[in-house]
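For reference, the structures are reproduced in the following blocks.
First chain A sits with chain B, and in the next complex the same chain sits with chain C.
So, the complex of A and B:
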């Protein structure tokens, strides 16, 4: 009786899981092998897996989108983790004003993405933006931040770094604060310099937190949409086209529901593969 | 004798005024639509929205009928409209659709033909039909009144105008351009970057560059497909005429525009003109109100409008970018009638005059004629002239996909990632593939030299 209740008590969770996760995934799977068109106000489904696969194979924008996404994730997350770590170590060493520093640091996370996009778009404006005004004031040439294929992606990554460093900082700062002071003290008594303490004592102890920050930020960076949509919409050319932005265009602008679903599955598979590989890389060292 | 002449003159003038006033007075009439249930309209928050809102307020005041507006940014309107018509019951009684989206809604069978609601309903003859985008011939899969049903009416018809700074052109001894050669010639005098750009034209990837370039394309007599209306989807975008149009577009942008032309969007172009950094610009008519508003503009009263120039020896080009107000199929009959009652009222001369005076673009030719001589509406003659040859483009189910292709390839040519020949050949191949996959009769021209 007790055992059966234990099993039945799981039912609400199972129902919720099926309704909110399994059903949407199965539906996505079904959509991915179909063409969905509307006639007479009613959706007509046709089983066309080959057609959707042909669309995937012939999608000329997908390749640059995947390449840009890989670059965006790698460069963005690396910079965010490095800066977040440095900030966490720096703030942790402050004798006064830690709380204020922490509050100020997290402000970028609180700004709505639309406001971030608009704000940075204004700052990057070729003619009126603060960056170019500063450059011109220093007798330097203005930079075509969002209109040059060689600069635009870097400009978008910079915004992402500004936006998400505080998130990494928060995770790592909590971890730094959690390091027992006597371990640091012992290292100091043993004659370790501050750099040695950071490299040999603190960073190894921060590895689990680093792993969490990397995995979380990696997943979120893969899904970045709002910043790039507002700043460049993927242009100029395909220089800032990211996978999620491309997916949006296929689904919502081109209204290709079947192919959009297939593309979603391909991206989910891609993210999962990257996660598995990164987990393998992290697990032996006890990071995840 | 002089006295007699004076009296005759005065009488003639008074008679002329009386004649002129008669139709004007007749146009003041508003439709009496009676008591109607409240309706909800899905509307975009575009630059002309303020005028629409004020006109709706006037409707409520005059008729006592209630209208709720769901004001939504451009990018959100399409998804809200899709969700509304695909559900059991639409929360909206009127939905406003960009002309490019209408095919999806017509073909999907989501809308009620307006004569199905009231067989006596028809658009007044003065109402502009904007390339007949409100009609749908289901058998032909084409927007045409010939064999088609009236599905929607336009609350706004955008067309690009060529705006210029009257003072700057005068100072430089220039007259408003009629051809792109005039524009290029003016650039030698007006282009002074980064202080001043001779011309600002949208070049950003996507709808921006696709829409603007098509004025050049139409001017050169080029087309995307051979004869879509009659089912011939042979892709002709890589014709020598299209290449000439693209080369001219790039030439104008490089010689006369800002260095970031490839990233210029609508807001940027408006900003450059409104701040006095651009001497001329191609801008949608809906943006006009920005330039005479002292809170938004440093160039109040200095901007004038002419039709968009044509290439030398080419055709005067005009591409429509209008909106279409339609009644969803999935609402009760009483709501459909109320939506149609609002439509009938909105299209009267009186409502259209109020609409124009509130800062929007009217959709009746007589309103343009009535207000065109008023300096406040000095853009109207250019707008009305362009309406005589304005056309719709991409009026087929694959329009959104074709726009994505063109928006990317044209932008790549502009920023120098591809030659114009390669960009058009690539676009032609991709567009042909889209049509082929949809079972259209298609083909393409021999490739251009790259």
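So, the complex of A and C:
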């Protein structure tokens, strides 16, 4: 009796994962050495490992995509963690406005990323966007935010920062509130200044939450697709091309399902490596 | 975790720090709300008012009417698709995820089962979903499920299962162990113990997970973009098409963005408490 419920309670989840994640990942291995084309709804597989490797070697977009992704993740996550930490340290210790802060900060996390993309696309508009409106009002010359190769990546990173500072804030905010007041009180009685309290007492106690915020944001930033698809689709040229965006184009615009699988495997291997390295930060309890 | 709801125990700021604190808060609120306000304003402007960048104008609902009822627009159908997919996938995710979480929490599974299962959910949650959309596309086309709402529901259930299992496990762990032991001693059958003891106590978890599942499914773009066509397209796909095909219809673009944001706002008004708990749970304690 007990064992039957025990087994069927876990079974649906396992079946679903095997069918929709394990099997597709195994399939990626097969796809990565093949060329797949559809004739009348039936996939025709051909064994062409050399062709896929040649596509990899000749992929001129890959290098800028990797470079941009690295820049996007590093700059975006650094800014998000610094701003989120600064806000959390101050706001958690205010007497009013905390509830309001939390309500407002959830908004960007819950709004469809695609809607955020179209919002910012309008705000970045050269002719009537709010940024250029402000610049013109200050008698400065307008900037082609999404259309110039030197500015576009920064503009896209700014959207990511706007989108995700609140998430880092919420995690760190809860962690700051979890610090026992006696600890801070003791430091103060010992004569520590507020800055010292923040740097020597609070930030060290936030380290686990900080580690989680950094790893999570890092990996999620690496996956960014929706907003950038809307804002620039990787352009102008390849100046905002990111890993996910490139993968999408290979799979569904160039219809190279085999080569796309090869790229996917490389991505999965890279992320697995990061996960293994940062395992300790991610699973402090329960998960492993 | 109760700390997120209880009044702050952290020593309040005073003097100059307090002024800086309120300034930072005001700046952050402005930075977040500003873009929303601007887009809402743009959505009720005529094209001319948008181009001139006017701050004073006669508001109009014509953009909303065009988006929802215009002859060239399928947006009403897109909303229906999104509602179907999000509701169905939320229901399935909650049932499957809650059962799995309870099973892992309550029954003595071998360590490799637990580690393997949770490790796999973590890995799957971390990889870009686009890596799997390729194989899904092939499989669904061969099965004849490509371009169906059912296939999209299946992928969304899979996508949201990891976070649902983690959340529900965290909520189950808060149930006092004495309750389970008492049930066992009284000879309560396992399913009954789950149904009438654990589940009622985990209702806040179900609400949190349900809201997040619904929103994530409603927002999901990269799968829907590649596994649907015109008839099955969801709201995010429609917004993307809008932004690309009718690049000059800025008012409609803004209106569509506002409409797409509405469910998230509504759910947040109802269940903010649960959402905050869900989003930050497990990361801090």
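Assume the second predicted complex is superposed on the first by the 252 of 288 C-alpha atoms of A that agree within 3 Å, B and C clash if a C-alpha of one lies under 4 Å from a C-alpha of the other, contacts with A are read in each partner's own complex, and residues count from 1 in each chain.
In the analysis below, a residue touches a chain if its C-beta (ideal position, glycine included) is under 8 Å from a C-beta of that chain, and two chains touch if they have at least 3 such contacts.
Worth saying up front: this structure is predicted, and the values here are computed from it rather than measured.
Superposition model on chain A: chain B and chain C are shown in a clashing arrangement. In the superposition on chain A, A:219 makes contact with chain C only, while chain B stays out of contact range. In the superposed model, A:133 lies in contact with chain C only, and not with chain B. When both complexes are overlaid on chain A, the residue A:252 reaches chain B and chain C alike. Contact with neither chain B nor chain C is seen for A:193 once the two complexes are overlaid on the shared chain. Of the two partners chain B and chain C, more chain A residues are in touch with C. Once the two complexes are overlaid on the shared chain, A:36 sits against chain C while remaining clear of chain B.
In the superposition on chain A, A:147 makes contact with chain B only, while chain C stays out of contact range. Using the contact criterion defined above for the overlaid structures, shared-chain residue A:78 touches neither chain B nor chain C, since it reaches no partner.
Only one segment of chain C in 168-176, 222-230 or 258-266 runs into chain B in the superposed model, and that segment is 222-230. Comparing the two interfaces of chain A, the one with chain B and the one with chain C have residues 38, 41-43, 125, 127-128, 252 in common.
For chain B in complex with chain A, the touching residues are 78-79, 85-86, 104, 107-110, 194, 204-206, 258-264, 268, 271-272, 275, 277, 329-330, 400-401, 404, 408, 411-412, 415, 417, 426, 430, 433, 437. Residues 3-4, 8-13, 17-18, 20-22, 24-25, 28-29, 31-33, 35-36, 38-39, 42, 50-53, 95-97, 99-100, 102-104, 107, 109, 113, 115, 117-124, 126-139, 141-142, 144, 154-155, 157-158, 161, 165-166, 169-170, 173, 189-191, 194, 215, 218-219, 221-222, 225-226, 235-236, 239-240, 242-243, 250, 253-254, 256-258, 260-261, 264-265, 267-268, 272, 275-276, 279-280, 282-285 of chain C touch chain A in their complex. Interface residues of chain A, counted against chain C in their complex, comprise 1-2, 5-6, 8-10, 12-14, 16-17, 20-25, 27-28, 31, 36, 38, 41-43, 86-87, 90-95, 97-98, 100-115, 117-123, 125, 127-128, 130, 133, 162, 165-167, 169-171, 174-181, 184-185, 188, 194, 208-209, 212-213, 216, 219, 222-223, 225-226, 229-230, 243-244, 247-248, 251-252, 257, 260-261, 264-265, 267-268, 271-272, 275, 282-283, 285-288. Touching chain B in their complex are the following residues of chain A: 37-43, 51, 54-55, 58, 60-61, 125-128, 136, 142, 144, 146-149, 152, 232-238, 249, 252-256.
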